[in-house]
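The chains carry the letters A, B, C, D and E, assigned in the order they are written, with residues numbered from 1 in each.
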Amino acid sequence: MTKLLEINDLTVRFSGKRTVHAINNVSLSMEQGETLALLGESGSGKSVTLKALLGLLPPKRSSVEGSIHVNGTDVLSLSGKALQRYRGAEVSMVFQEPALALDPVYTVGHQIAESVMRHKGVSKADALSTALDMLDRVRIPSANRRLHSYPHELSGGMRQRVMIALALACRPRLLLADEPTTALDATVQIQILLLLRELQKEFGMGVIFVTHDIGVAVEISERVAVMYAGQIVEEGTTREIIRDGRHPYTQGLLAANLHDVARGARLNAIPGAPPALEVKPDACPFAPRCSHVMPACRAALPPMVTTEGRRRVACLHADAVVAAE
Amino acid sequence: MSVTETYAPSADTGGPGQPLLIVRDLQKHFPVSGGLLGRTQAKVQAVDRVSFSVKKGETLGIVGESGCGKSTTAKLLIGLTEKDRGEIIFDGHALGERLSLKDLRRGVQMVFQDSYATLNPRLTILDSVAFGAQVQGLADPKCLARKMMDRVGLDPNRFAHRYPHELSGGQRQRVNIARALAMSPRLVVLDEAVSALDKSVEAQVLNLLGDLRAEFGLTYIFISHDLNVVRFISDRILVMYLGEVVEVAPVDSIWAEQAHPYTRSLFSAMPSMDPDDRTKEPPLVGDPPNPINPPKGCRFHTRCRFAAEACKTKVPKLAGLSGNADHLVACHLHDAASGHPKAGQGVPA
Amino acid sequence: EGTLRIGMTAADIPLTTGQTDQGGEGMRFMGYTVYDSLIEWDLTSADKASTLIPGLATEWSVGEDELTWTFKLRDGVTFHDGSPLTAEVVVWNLDKLLDDTSEQYDSRQAAQGKSRIPAVASYEVVDDLTLTITTNEPDATLPYQLAWIVMSSKANWEAMDKDWEKVAMSPSGTGPWKLTEFVPRERAVLVPFEDYWDESRIPQLDEMILIPLPEPNARAAALMSGQVDWIEAPAPDTIPAMEANGFKISSNAYPHNWTWHLSRVEGSPWNDIKVRKAANMAIDRESMMPLLGGLMIPAKGFLPPSSNWFGEPEFDPSYDLEAARALMEEAGYGPDNHLEVKALISPSGSGQMLPLPMNEFVQQSLAEAWIDVEFSVVEWNQMINLWRAGAEDEAVDGAQSINFTYFIQDPFTGLIRHLDCDLIAPNGTNWGHYCDPEMQALFEKIKTTFDPEEQEAVLQETHEKYVNDALFLFVTHDVAPRALSPKVEGFVQAQNWYQNFSSITMAD
Amino acid sequence: MLTYLIRRLILVLPVAFGVSVICFLLVQIAPGDPLTAIMPVDATAEEQDAMRAAYGLDKPLPIQYAIWIGNLVQGDMGKSIATGRPVAGEVFGAVQNSLLLAVSAAVIAFPIGTALGFLAGYFRDTLVDRGVTAISIAGVSVPNYWLGIVLVIIFSVNLGWLPSMGAGPGGSSEWQWNWEHMRHLVLPAVTLAVVPIGIVARTVRALAGDILSQDFVDALYAKGMSRVDVLRHVARNAAATALSVMGLQLGYLLGGSILIETVFNWPGSGFLLSNAIFQRDLPLLQGTILVLALFFVAMNLIVDVAQAAIDPRIQRT
Amino acid sequence: MALTDTTGGQAVEPAPIEKPQGYWSGVGARLVRDPLTMICAGVVLALILAAVFAPLLGLADPYKGSMIARLKPLGTEGHILGTDEQGRDMLARLIYGGRLTLFIGLMPVVLAFFIGSALGITAGYVGGLTNTIIMRTVDVFFAFPSVLLAIAISGALGAGIVNSLVSLTIVFIPPITRVAEAVTSGVRALDYIDAARATGANAWTVIRVHVIGNVLSPIFVYATSLTSVCMILAAGLSFLGIGVRPPEPEWGLMLNTLRSAIYVNPWLSALPGVMIFITSLCLNLLSDGLRSAMNVRD
């Protein structure tokens, strides 16, 4: 069986007023039906990775190298009709701000139906009934009425459900979710997370879930990839990452989550801020903030150390740190 | 001369036993206009019947869903929004009687959520920090501002003349803190002060806040929707729902037992952090109701699993738990006289 | 044959009910076309100044008392509506203007006509075709006054519910042209009146269309792009282009002058005849020609040289800078002692030709004779007010002259009104407060000399005094230029404000 | 929607009142005597007084206003001083002609402007964008009265293709939909269209650019929509704002055509206004301005309502 | 003094004192990097300088004409740009004409900028009844298309420089007020105003320090975009004969008085129009350039 997703040495650079080396040699693979959380701070390149997957990067201002294969299709070589068929049908996406990602002047029903009509080639009426069915599945109360609502007439949680319904309407093999719950309240967030989990099982699709909240990653995913400065610094199953994060950055993130931290104690904070990525990093990008930094870290990019199975860490201390724990 | 020496808060008047801030029955309803002649048609009941007090040197955390009135409460405290009703007593002096708004604002400062929007893009960092001290007529505001910047970890030589857009989010939030502290307040209201920051930066700022509290003997009101953060920094936690206080209790007490069904749902909604024991059921369904026409009686009754007829009509009072008088809750389940079928039995497990 | 489309300078179609507005142009196109007056101007000749001829009245005479005039009406004249012209209708018409208690009184026509016949005191029907008009004092200029007054149809007015508004849309006169279509501000269509009493003046055209085109360039463009066949007052600079494209320019002398009316109030430097003469001689009128495309007649006096009343004045205001300077020196001025005067001018105004460049030319010329002119530029409407107010009025702000162009077609408008002691502003339009017994006597004589030839002699004598005393700054006369398409044939431009359109034909 | 409509209508009343006051006061601040222009130059003071009384100009201001507004609500806008004809008739006739001109200019300008703006917005920061920007800036920078003169010289006088003035052959303005009449419309309408082309192009460009940079456009592509589909969404999003800009432009065209109407001798409201100004014809001046302003107010109202009707985001209660 | 290091390593590197770079110098720097805007600024500046220092340029007397030398074509010796309908030197008249044209084209916007900003900021910051009164009055003026309003007021007042200034200023106050009000109430709602108020500062101090600095530049940019409109309109008034009076040189008026010369010498009579066009083009481009240069956030 082909891999659901195979990213090799993906490199994305934005040019324009400022040059940003947003993604640097990222490789990633996913099996069918797997859920992966992409974890990282703001600006680490999570969204760019997802956009690259959908071919949504602005063609004039970005250059993309490497390869992306989804179900064996070479995504980067797609264009025109083929690209349109791929987007939304093979892979679809849920955005962070549902209020912005829905067209404000069309009813939500129309927007879902539009996608269905395009990929399934059915009539408008059929597409609308599919849309209604999807709204039901994402547990929108009185879906029939909501079908004819405009996005601004819905609450935040409801809009995100609509987004999910829209993304799943054509039964994609891979769902990309870009921080879909960050803008939501905790009580709504957990509802959406559980809904996604359920739908994932039901539809059997693969999910890439972008977040910067470890707790959310735990709730949703089997595997976690931690990104820093446009690179994947660590990958493993959720359990491995939570229990045995090896990269100092992963550890810092875990500590900063404040779960189980004594009240009033000093936090073991990662100092400083992420690099600006104006030049392509040629050493460990985390070195300036790392408490275990060694001269070698500043000399060259640390190798990706692959340990048991699909677990990998990009740190010279990959083993040493484990020993220290 | 150290920063601590330049820090000159207003004198303590009521002694350590006197709560620094007492709020009684605070209310704010925003009018919503509409209709034929644009007359007020409805009111957003943003804050209703809110009472609490903050002891000297403690940190009170306020949590609640979006739109429940946290920010409005904060703004009411320093008079940025005019209150409809209620009393604000700062260190024994009631606002409007022996305490002027200007004096209150000297003693109480606020740090806002959006670090960018709270800085005037046309002023240098130094000018922003020094502005308050200048207004309050403190001596040598620029020098004071530099010291404060230094104290919050921003090298004045590098940052004094920068503009807000030349700073990162964490740095801007430090500026906001420095600006608040430059006024030598005794109470700082932090409205989602770390919510917009990345986790790693959030930890830095939380550390800083802890240090400052110790150094200057500050009292905080810390507003957040992240329970982990609130627990880390607060002594007591106040839970709001739709403009009302539903529960107030010391951290340990509330962590051990959430007396209000809403509080319990809120806590259960936290991601589990244990891959082997993930959340199974959403603790609450649906979104919070619209505060324009909040439900009658107990405002939570529309989403409450234990709601009974009494909850729909009768407004529950905030009262101490039978076994723990410091733990206040407004729920008919805890009030033996409420008329709820299970009154006085507490929230079932 | 054919349709003649005329671009007028007026912004609107002149009042159609009878007594027209829009000044001379109004009478030209809507007065003397649709209507007749008792006494008319002879418009048949281009070569000599026009004189009065019988119109609706065939003969008239004044009685022994020198006050009562008897008019015999032409027999068989009918209005366009078919009703006959009778003495009763004429009286009805006079009441329309003069008797504000009469049913037919029309304030709009009265505003235009009343001031034209100041001499008329009363009038009376004698028989169907005879009436008398009595003047309040002996006034031999009555025929000239009556040449202003046109006759509208009483029957038509009655048919139109006695409502002048309705009459305006469908008026009826006795003139050679009938108005068939009238769209305010846009166009008026005139067609021949086949039953006109003077067969020689029955129009040859099928239609004549009047189109208001106040903007000179719009007029020029309209002519050149073939939208009209005739425009009034083409801008001088457009004339070469028009001529190059085969358009004809028609012009002729007529009683119109462009002058500086001088203040004679106490303290005015113009009280000194030497200064007046010097100023007149300082202007090189020939050099002004190019500015006006040659379309002007250099002034030699107040009236155009071709006027019957010009006379033989001794003073010749022609250009002679030496003489002018000599006079100025005599008057006590010199290269180091300039005379400073203030002059009222306006940037535009109907009939004002090109007031700004012309005045600037005058200014430069006078400077050569050590007269420094400071202009006070006011808007045309304001200028009219100042003109009525007189030189002593505060609003004039010390200006010692006013630049005006005068309609000078009859003894009153041509001579009397400017210098009569009784018409000193604000009672009349003697702007400069001039009052001279000799002149006053001459004016008296004009009014009491009933024999036309003798009267002409008096008028000449009066004008000679105008010139000899250099009472105005005589500058130039307009020549009423109009540009015609090559198709327009048979037009004879009379030396008059009014014109005869009956002879015109259009070539194919 | 109905309440919205009624509320907007009620809001118009005070504006309309203000407009009437301004129109009334406007001519009161005018110096000079309005009767000057129509009296023969040598009319006596007595005759002038009589005229003044006849036009009610001898009464105190508030009374004049009360009379004026009283007549106004009965549809009587007084009589023109210069022509004696009822102002209402003159103004409405002229406004019809102006409207014809304004609508023709709009018919030329709006599609062209929209197309250019869309192109520029879509191909932002490319040569196309530069070109359109250049065109639109030139469009808003050109003094159109001058452009009109130039066009007349080229197309009427030199080439003789199109008439230079008037609304129909022989000065006739009875509009007919035939080439004879429409020829007269071409030059003034084109001249008048130049500025709104620029403005509409700039607006649409900015709008399209803004909308294209919104998240939902990415979301549309992400669900597999083609460029054409996306453009459809963009157009629908831009429609409300673009429409309101165009509505206002139409109002400006109507009120701002005075210079063009003078150049082309177009028998419209602007032409009427300029005559009224130079003849100091106060009732006519008042009436024309009032009608144009009220038309503009109505236009605003229609635009608002239309915008509310097509944009679901606007509160319609 | 002993401070715990909570700075997270920011103070590790030696700290050179950073040069203060003000907002305006930033704007200036961005402007300088924009060639088109610089060219336009150059043109406008040149026009203004030429107009101001016209008497020092050794030009012919713009008022002195000669009937013989009328309407000389471009390139005539002694009259590079020819002569007008009264034989006055066109170059001199165009440059002197720039004085009045720019004056009545720019001055009303400047006046309206001050008046409108004051009104708009007051309305926007104070709100409530004050806002209602000011903004409803402005609404009434908005009921008049600008050209109509300018012509109506000028037409009523009559020709003259002062009257033109007055009428154009009145025309431009409402739009500027509206923008000022919108910008101010936008800024008023921002947190930094709340933060400033929270220091106990009074309204005037907050307006002076925090509001004006932030609202003035968008209002200013908006006002600059009106200059070209104003100039065209001012020239239009003169063109109609209700603006500047002859014999003053002013482009609109020159355009008018040279209209009939179009048949004699079309290039000559086009010159004032060309000047208006170029100037307003430059003003528009300058305004666009300024707008993007003032946009700090990108």
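Points to keep in mind about this one:
One rule holds in what follows: a residue touches a chain if its C-beta (ideal position, glycine included) is under 8 Å from a C-beta of that chain, and two chains touch if they have at least 3 such contacts.
Values in this document were obtained by computation on a predicted structure and should not be read as measured data.
Annotation of chain C and chain D: jointly contacted by E, touch as defined at the top.
Contact with chain C and chain E alike is made by D.
Set side by side, A-B and A-D show the greater C-beta contact count at A-B. Computed centre separation for the pair chain B/chain D is 55 angstrom, with centres defined by C-alpha atoms. Remark: chain A and chain C have CA centroids separated by 92 Å (rounded to whole angstrom).
In this assembly, the C-alpha centroid of chain B lies 48 Å from the C-alpha centroid of chain E. Among all residues of chain D, those that touch two or more other chains are 31-32, 149, 153, 157, 262, 278.
With touch defined as above, residues shared between interfaces to two or more other chains in chain B number as follows: 170-171, 204, 207.
Within chain C, the positions touching two or more other chains are listed as 217, 379, 382.
Chain contact summary for the complex, chain D toward chain C: residues 31-33, 36-45, 47, 50-51, 54, 82-85, 90, 94, 149, 152-153, 156-157, 160, 162-167, 169-174, 262-265, 267, 271-272, 275, 278-280. Across the complex, chain D is touched by residues 3, 5, 11-12, 15, 21, 23, 100, 107-108, 110-112, 114-116, 164-165, 168, 183-187, 209, 211-215, 217-218, 221-222, 224-228, 379, 381-382, 384-385, 387-388, 417, 426-429 of chain C.
Per the touch definition, chain E reaches chain C in the complex via residues 63-65, 67-68, 70-71, 85-86, 158-159, 241, 245-247, 257, 259-264. Interface residues of chain B facing chain A in the complex, by the touch rule stated above, are 65-66, 168-171, 198-204, 206-207, 210, 225, 227-229, 231-234, 251, 265-266, 268-276, 278-288. Considering their complex, residues 1, 3-8, 10-11, 15-21, 23, 190-192, 194-201, 205, 209-210, 213-214, 296-297 of chain E touch chain B.
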